[in-house]
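Structure in structure tokens, see below.
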Amino acid sequence: MRAAIYPGSFDPVTNGHLDVIQRAGTLFDKLIVAVAMNDQKHKSTLFSIDERIRLLQETCAHIPNLRVVRLDGLLVDFAKEEKVLAIVRGLRAVSDFEFEFQMALMNRKMEPTVETIFMMPKEEYTYISSRIVKEIARLGGNVELFVPDCVVQALAKKFSVSVGINLSAAEG
Amino acid sequence: MRAAIYPGSFDPVTNGHLDVIQRAGTLFDKLIVAVAMNDQKHKSTLFSIDERIRLLQETCAHIPNLRVVRLDGLLVDFAKEEKVLAIVRGLRAVSDFEFEFQMALMNRKMEPTVETIFMMPKEEYTYISSRIVKEIARLGGNVELFVPDCVVQALAKKFSVSVGINLSAAEG
Amino acid sequence: MRAAIYPGSFDPVTNGHLDVIQRAGTLFDKLIVAVAMNDQKHKSTLFSIDERIRLLQETCAHIPNLRVVRLDGLLVDFAKEEKVLAIVRGLRAVSDFEFEFQMALMNRKMEPTVETIFMMPKEEYTYISSRIVKEIARLGGNVELFVPDCVVQALAKKFSVSVGINLSAAEG
Amino acid sequence: MRAAIYPGSFDPVTNGHLDVIQRAGTLFDKLIVAVAMNDQKHKSTLFSIDERIRLLQETCAHIPNLRVVRLDGLLVDFAKEEKVLAIVRGLRAVSDFEFEFQMALMNRKMEPTVETIFMMPKEEYTYISSRIVKEIARLGGNVELFVPDCVVQALAKKFSVSVGINLSAAEG
Amino acid sequence: MRAAIYPGSFDPVTNGHLDVIQRAGTLFDKLIVAVAMNDQKHKSTLFSIDERIRLLQETCAHIPNLRVVRLDGLLVDFAKEEKVLAIVRGLRAVSDFEFEFQMALMNRKMEPTVETIFMMPKEEYTYISSRIVKEIARLGGNVELFVPDCVVQALAKKFSVSVGINLSAAEG
Amino acid sequence: MRAAIYPGSFDPVTNGHLDVIQRAGTLFDKLIVAVAMNDQKHKSTLFSIDERIRLLQETCAHIPNLRVVRLDGLLVDFAKEEKVLAIVRGLRAVSDFEFEFQMALMNRKMEPTVETIFMMPKEEYTYISSRIVKEIARLGGNVELFVPDCVVQALAKKFSVSVGINLSAAEG
């Protein structure tokens, strides 16, 4: 039974994440998608941890042997507990690469038995990031090409209030 | 009539921005400088949107066929409305390049008729960023080499209060 | 009359090159595709200068206001002679970016009136390079997804001999 | 008497910093470690300026000709005052490199007599950053491999409160 | 039965390669090390294909379920024939990353069923490259820290002749 | 007596090299410029080792405490023999950085007592490389802005023959 873990903040899950999840699913018998409480780079998230988990579960419902969990503590501790062989990370760009490399080396130092492997999303997803998707949604743009349907709707709901405020501000 | 748009947060405009504006001016008949409400990377700006527009207008007053506008919505929507051929972006460094590439590919996905082109500022401006300029000004350094005169004065005004606070804090 | 020049070694022309040519065509009234005698990085080319020009001409026959020329001397001298506004370069990756930046800055130093602008090929072409295409063709792989038809055939002809040699060597 | 300055936010000092300090110590007669009031990238620090200075002093007590100071103003002004020959910076990764390059070029512009030199920490320290160390400590991980003893204890004290909050939140 | 393939030119195998081989061995049931006829970047190799295979076999003799093969044709064709799930590549640096990314995307285009995964060698091996090892050996340096014993000896034998030539040239 | 070594192939010396030499001269009491027999990246050089040494000597004649030497063996062995404290390298770009980092880490592994420090050339020299300078000179371009006078003349002499050949080939 070969298990792997795919950690992230998924704020929100994008088509790029889903592509990595599906690819990782072909390499391992079991995949755990672990949602971190908060993003290590950007302190506050748009969606709550429960919302982010729900959106992932809805999106991945059709994938067998996949479990979405909340990650409270240290990734490597959880990985060891679950006896996973590998941590899976998607690689997009050079700046990604540097940060990912640092994290992977520190994780290895703390827990040498867990490998980190990097996979590439489909090239048409390499430009998608949760951050830019949120920015586009905030400005009223169409994000249907970048995220699953349930996320399109969740983003629309989130930004309906601030769009309203935005409009009245523009009138002032 | 070939128009282009040069978007940014311009918080504040630097000599590097001005150099790109002048270069873009030679390639197109009309140039629109679009000031984004807030910076996509750093949430809060030092100068208000109105201050940033005013500093740009003052600095670019001598350039014909140039218009400074406020960008409220999505860049590609505005670009299409204005029938511009291209979005112009200045390229400085590798980390720039990655983010710019992502933005450009997402913009193209949303609006395939608008191209993004990248131009290089003069090499002596490649190291200038609004962020570092603000940091130097905040610490009382001379920024005359990096920004236009009106920005030098605007920065001095902004930081006179906090410098005062800083001094009394140091005395305490 | 706004003209631009798109220089390269085109050994051979790929779908990525064609994409940049078409995009540049929308920004300028006239486009000159200039084929350098030899590649600055890799001394020897697979196709002769005449073959490379012919393949480009065949591929771009349908594009109006485009001229394919042989570049014997210095790019900036030719650009100035032809009164072009800009040198167009496609950007793919970080390593590209560094070399392109160096070339562009040196060209500007030698001829300040000619700008260099960078454009992005479609994301599905960002991974295509003449070098890898040649390698795949050499090993008998299918390159139909990466280069125009006439190039597929030209590559097949080139490698039919060496493949023969390869086989006999393997037999020995 | 050749002096150099090693500036940073040191929030907190890591084994990577210490390695650079020791290496720089072999090249110069005197080394000044200058602790910046706040990090230029991330506004708020975990440790106060006084805590950061104390941790550095404790850690570097055994190194002769080393002085730890608080940096209130502009680095280059201080460097000139102290008649240092060089600013020392540790280089870890590509993203580091870009930011460091920008800072160094701006510093040179403001004060041409002070050189910036870059040194490499030991390869086993290249992956250590104060940011990731704080993240691991926050999540209850063991950071003994990455920071000096006194920092291990200081981190433990800092996070005992928030860990408590975290637990009760998890119970809710 | 999950198989993977680790391709390369291995001219010669280094401790960095061995580290990746061992790590990949923990993730898959079977590992095929495929030695490419010639390096795609550098046309001529120091060791012949047979020498490179022999050095790998000697070095990996103790690893179960590992096979060293000669790669004559296209990697993806061979990968498909052998029904491997994944191509394994070691990642060291940014320049690596770009080229690896291009190769991986083209391989996926040609054969979508085979994934490429990237793994990191131990950080003390990240600086080792076959090229630099050969350069050091050529200049008479000690390479025992960087390559297995049998490679140390093979390098010594290769360079004994050219060192002789070098000396006589220096005498002239 | 603090000595440093600045190694390179200097094929030929550029204004960028000279700038680094002068900067390094302010940090150390003695500077040794070591000319490697051949470039580690590009096998053959345009200028012979004796020509490259002569051009450096002519260019640096006015700099006190500087010695130009021929490097036959391993850099770290020579550095240790000469009791230098540091190897000085100029940093220009990301691709430079990666290779330089690898070399520096391997050199440290072989000889831990010799540090490598990186210095930045003046920003207007960051785009100059010996390779591009040779390319421009080969095509008849003016290189006076990029290299010292004696190198301008040496390049002109080198390329007068091939330019002749080039012309007659163009006539055919």
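Going in written order, the chains are labelled A, B, C, D, E and F, and every chain counts its residues from 1.
By definition in this document, contacts are C-beta pairs under 8 Å (C-beta built on N, C-alpha and C of every residue); 3 or more make two chains touch, one makes a residue touch a chain.
Note that the coordinates shown come from a computational prediction; the quantities given were computed from them, not determined experimentally.
Looking at the partners of subunit C and subunit D together, the chains they share are A, B, E, F. Between A-D and A-E, more C-beta contact pairs join the chains of A-E.
The chain with its C-alpha centre at the largest distance from the centre of subunit D is C. Interface repeat of C-F: among B-C, A-E or C-E, over half of the contact pairs recur, by residue number, only in C-E.
The centroid of the Cα atoms in subunit B and the matching centroid in subunit F are 38 Å apart.
Averaged C-alpha coordinates put the centre of subunit E at 31 Å from the centre of subunit F. With centres defined as mean CA coordinates, subunit E is found 47 Å away from subunit B. The set of subunit E residues touching two or more other chains comprises 94-95, 98, 101, 105, 123, 126-127.
Touching pairs of chains, sorted by label, consist of A-B, A-C, A-D, A-E, B-C, B-D, B-F, C-E, C-F, D-E, D-F, E-F. Across the interface of their complex, subunit B is touched by residues 94, 123-124, 126-127 of subunit F.
Of all residues in subunit A, those touching subunit D in their complex are 40, 72-74, 76-77, 94-95, 98-99, 101-103, 105-106, 109-110.
Residues 93-95, 126-129, 131-132, 135-136, 139-142, 145-146, 170 of subunit C touch subunit E in their complex. Remark: subunit A residues 2, 23, 26-27, 85-86, 91, 94, 97-98, 101, 104-105, 108, 115-120, 123 touch subunit E in the complex.
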